[in-house]
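In the two complexes that follow, chain A is the common piece, with chain B as its partner first and chain C second.
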Partner chain A sequence: MTFSARRIFAILQKDYKDLSRNLYVTTTLFMPLLMAALFGRMGMGTISSYYIVINMGFILVATYVQSALIAEEKEKNTLRGLMLSPASTMEIFCGKSLLSFIATAVVVTGSILLSNYNPRNMAVIAIALLLSAVFYVGLGTLIGLFTKSVMEASVVIVPVMLIFTSGSLLIPLIEKYPVLAVVEYMPNLQLLELADRVETGAGLGDTLLHLLVILAWVLVIHAVAAYVYKKRMVDE
Partner chain B sequence: MTVLAIRQLESYSEHSVVFPAFTMELTRHEAVALHTGMNVRSVLLGMLTGKLPVTGGEICINGHIYTGRIREAAPDTGFLLLEEGHYTRLTVKENLRFYSKLYGSGRPVDEIIRMVRLDTKAGVRLSALSHSERKRVQYARLIIQDPQLLICEEPDQNVDNETKLVFRRLVQQVCESGKAVLIITGNMETALSVTNQVYRLDEKGLQAFDIQAGEESSTGSAVSEQDADTYRQSADEAEPLPEEGGHPDSEMSTEDELPDEAGQTLQLFRFEKIPTRMNDKIILFNPPEIDYVESSDGQTRLSIGGELYPTAFKINELEERLHSYGFFRCHRSYLVNLQKVREVITFTRNSYSLVLDDTAKTSVPLSKTKMAELKEMMGLK
Partner chain C sequence: MENIIEVTSLQKAFGASRALKDVTFNVKRGEIFGFLGPSGSGKTTTIKILTAQLKPTAGSAYAFGVSTEQLKSEKYRQKVGIVTDNTALYGRLNVYDNLKLYCDLYGVPYQRIGEVLRMVNLAGEERKAVSKLSKGMLQRITLARAFLHEPELLFLDEPTSALDPVNTKHIHDGLLHLKEKGTTIFLTTHDMNEAEALCDRVAFLNNGEIRLLDSPKKLRQQRGEPTLTVELADGSMVIVPKGPEGADQMFRYMSTGQLVSVQSNHPTLGDIFVEVTGRKLA
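Right, the complex of A and B next:
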């Protein structure tokens, strides 16, 4: 099987056009930007408030857009047609992930600018955000595979959004119940902790552990998505 | 060259046979229609698209033999499925551009849009198109894909005449350019409109329809006057299609009818259907549909599928009219369609009965004198 960039870009372009006309999805893209502008003007300059907005951007753009893209193909019965075409599964998912990834990059960058967040070490934060974006796109793929329609995907996204954006609120709870310490390894909390450390002047070496944990999440989520795809698509 | 070969393919679901083992081949430049029920259609398409495993036998596409589940046959095979999704937010042109890139086709999109007669709708989103127009977008996709083998599921169900025309042309062009087309449909009209090679696939197996003569005896009411006309013309050109081991019924009717049919063309036009009257309505029946004719109390009735329809004709008149269709006066008040007779039963030395091949196993009396005549006809004496 050949891996063709032409087909990936064809899928990317098609999905971009399709998405840009889907008001239902595009309006959610503006949510994080709106929140960022609001938080920025209100002068809530804590790291955790920045990251509430950034995480919301990840969930609403990377995860939600990706899951909607996949669920819609299933809902409209077009995925089968794509799979019968010369495009391989890898190419189909690459095309879709690439679009979600680009959208995420644009929206997250936009919301960082709007909320006036200036990290002390931009490079480390950029790497961490990039890895997180890949993780959230993978999460979106997984949700897209489990759901059958855009409607279903937008319902599933609500608890996911609660879990991943309320990260900082969980910290007091962890102090009270030590069992919950596991939660600290969640990618959103790792990102938050990393950002905190960067503000205190940590470099790449000091934050390597956090980056590795996020990287592990990236690998796990994509492996799970690939497994679920194999299991589910054979049945259908 | 063989594009698609199906060898000894069979399918069973639990206790029933979907279709027994059959073998067929499809070569280049050829279009073949399979007339099937819904059950057979979904199983066969499931196997061809790789949804269902090939349980018994094998399918061979372009020289690759598949048993088990078909995968990666896609590049050579194009599917026109009944329930296919569309990107409804994209316009016709955007859709086709996408397919063009996906399949790496070099043909200009505008030309294809013209071929499927969507030029006025090129900039319209698919959500605003009618069902027929969307079907044409599907045809366009296949033109772009340009596969060696085209498999169509109910290609022109619920579409307008323009779309049917586009589809017929598409099949013609595909065949001319050396590709093969397989049409799987439950509609005989669809099958006949695109090809002369029609097979029936059901739980009894694969049977070839002898289009020239078999058409009438097997499709009954589906054949319109227009078809009957073309049939008469083609009958003049002699040579029925080679009978590929078809069912004996149709062969028999070929021999019985052909000379007479040729004679009829000289009489210009003769109305062949038998009118019956029921509740102030006149219903017309094709002679091959009729099981038998019975006459009692001066009233003649046609029996069709277990129901009796009174007609104004006398049984003697009907005998004359229906003689060429293989009807036999088996009794003073009975006229039977010989092609529907399954058994001849002897009760005593002097009384006989004909059992018909219908669900109710109707029996029709056969008088002793006529028995001798029948034996003679069947060449038993």
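Right, the complex of A and C next:
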């Protein structure tokens, strides 16, 4: 498998020009920042409130923008052009994910600053956020591959947003319904638990298990996305 | 001459419907091979199988000596150009940015953009937004994109269906130029004039089967009448035998200045298609 920086940056540059002229998707980028500013001014200083905003950023930017980018390529029949070019699956995946990833990094950093969140161990939080961003971009790729249009992706994102921003609401129900214990392993809850532990003084070693769980999600989501992508290369 | 495409007993079924029944043909390196048939005859299905966008139900398809499944690899993608109905352009970008992306994907210098735009009669249109282009212009940009990397093998599905005669001529000249440089072209069309102007050989496809395969010239000659239609100065048309028995008659028309034009009585490719399949090309 080849890895050409020229091809990856060409796809990134194309996506940037395309997205910058797509008002429908670009306005979405400002939503998490507005929420963060609002939360910051309201003085809601709990870890879970910070992570509602951060997860919102992940879902609206990493997942939604990414799914819109992929779904639009499918809707307009341009994805097949990329698939038929010499670019490898890895190059197309990286090129198509880079813009969403950069936008997520900018929006999540902005959200952290606007909401006045100052974690006790920034390095551990940065690693966890980085891994989470990669996961949510992968989730967006998968949604984009399954949906047929940007409009469909916009509908599918709603339940995804509910699951990944309010999963913590299910935690009190775990005692009553043990089957819901699996919810604790969701990447958003792992991130929240890690952030809570960091505030109690935990370091990298203490939070490694949480990071590994998020990493496992990253690997699984990208493997599934790659499988679906390869299936989409061939018509039924 | 070496075969660049070899297809043997190819079949494709979509549920109960059989799009390709038993298709066998080969395409020689450097030729323009025309796949002719009406809508729904199996032309696009064949192109999709040959470009690894569709799996055959049975039979084999080889290009460059390898199964077309392997055309998914970078090595072969670099050698192939494809224009089908599902290869589109980015509407929000301009012409230049669309082609620049493909220059980067194929590792081609940007000055090729001007060259291919001249080939499709769109020189100077680089900065136009793709969303503002007519259907014919879009088709020409899609063709320009396929010409960018000078592929060894070019698949074209109805390449001039939305073009006017002037631009069709430009595209035909461009395709003949690519052929001169060694490109093999697999062309599907239902335009008989296009097939006759471009193709070294044509295959007639009907209901998923090849009914006839040969050069357009041979197909017409095999089915022609052994006569000539002669137009005379007084406006009358006379049928003259082609053999020695018609020589005196022709000499007389010529020596008396009566001869205006002579036409060989060969059927058109369209006539032959109707004769062989009982269907019109549309």
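Definition applied: the second predicted complex is superposed on the first by the 231 of 236 C-alpha atoms of A that agree within 3 Å, B and C clash if a C-alpha of one lies under 4 Å from a C-alpha of the other, contacts with A are read in each partner's own complex, and residues count from 1 in each chain.
Going forward, a contact is a pair of C-beta atoms (placed from the backbone, for glycine too) under 8 Å apart; a residue touches a chain by one contact, two chains touch by 3 or more.
Values in this document were obtained by computation on a predicted structure and should not be read as measured data.
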{"item": "Superposition on chain A - do chain B and chain C clash or fit", "value": "clash"}
{"item": "Partner chain in contact with A:R21 - chain B first, chain C second, else both or neither", "value": "both"}
{"item": "Touched partner set for A:A153, first chain B, second chain C, both or neither", "value": "neither"}
{"item": "Partner chain(s) touched by A:T78 [first = chain B, second = chain C, both, neither]", "value": "both"}
{"item": "Shared chain A surface residues [contacts with chain B and with chain C]", "value": "4, 6-7, 9-11, 13-14, 17-18, 21-22, 76-78, 80-82, 84-87"}
{"item": "Of all residues in chain C, those that touch chain A in their complex", "value": "48, 51-55, 72, 74, 77-78, 80, 82, 85-93, 97, 100-102, 104-107, 145"}
{"item": "In the complex, chain B residues that touch chain A", "value": "49, 51, 72, 74-75, 77, 79, 81, 83-90, 94, 98, 101-104, 125, 145"}
{"item": "Of chain A, residues touching chain B in the complex", "value": "1, 4, 6-7, 9-11, 13-14, 17-18, 21-22, 73, 76-82, 84-87, 236"}
{"item": "Interface residues, chain A side, partner chain C - complex", "value": "2, 4, 6-7, 9-11, 13-14, 17-18, 21-22, 76-78, 80-82, 84-88, 233-235"}
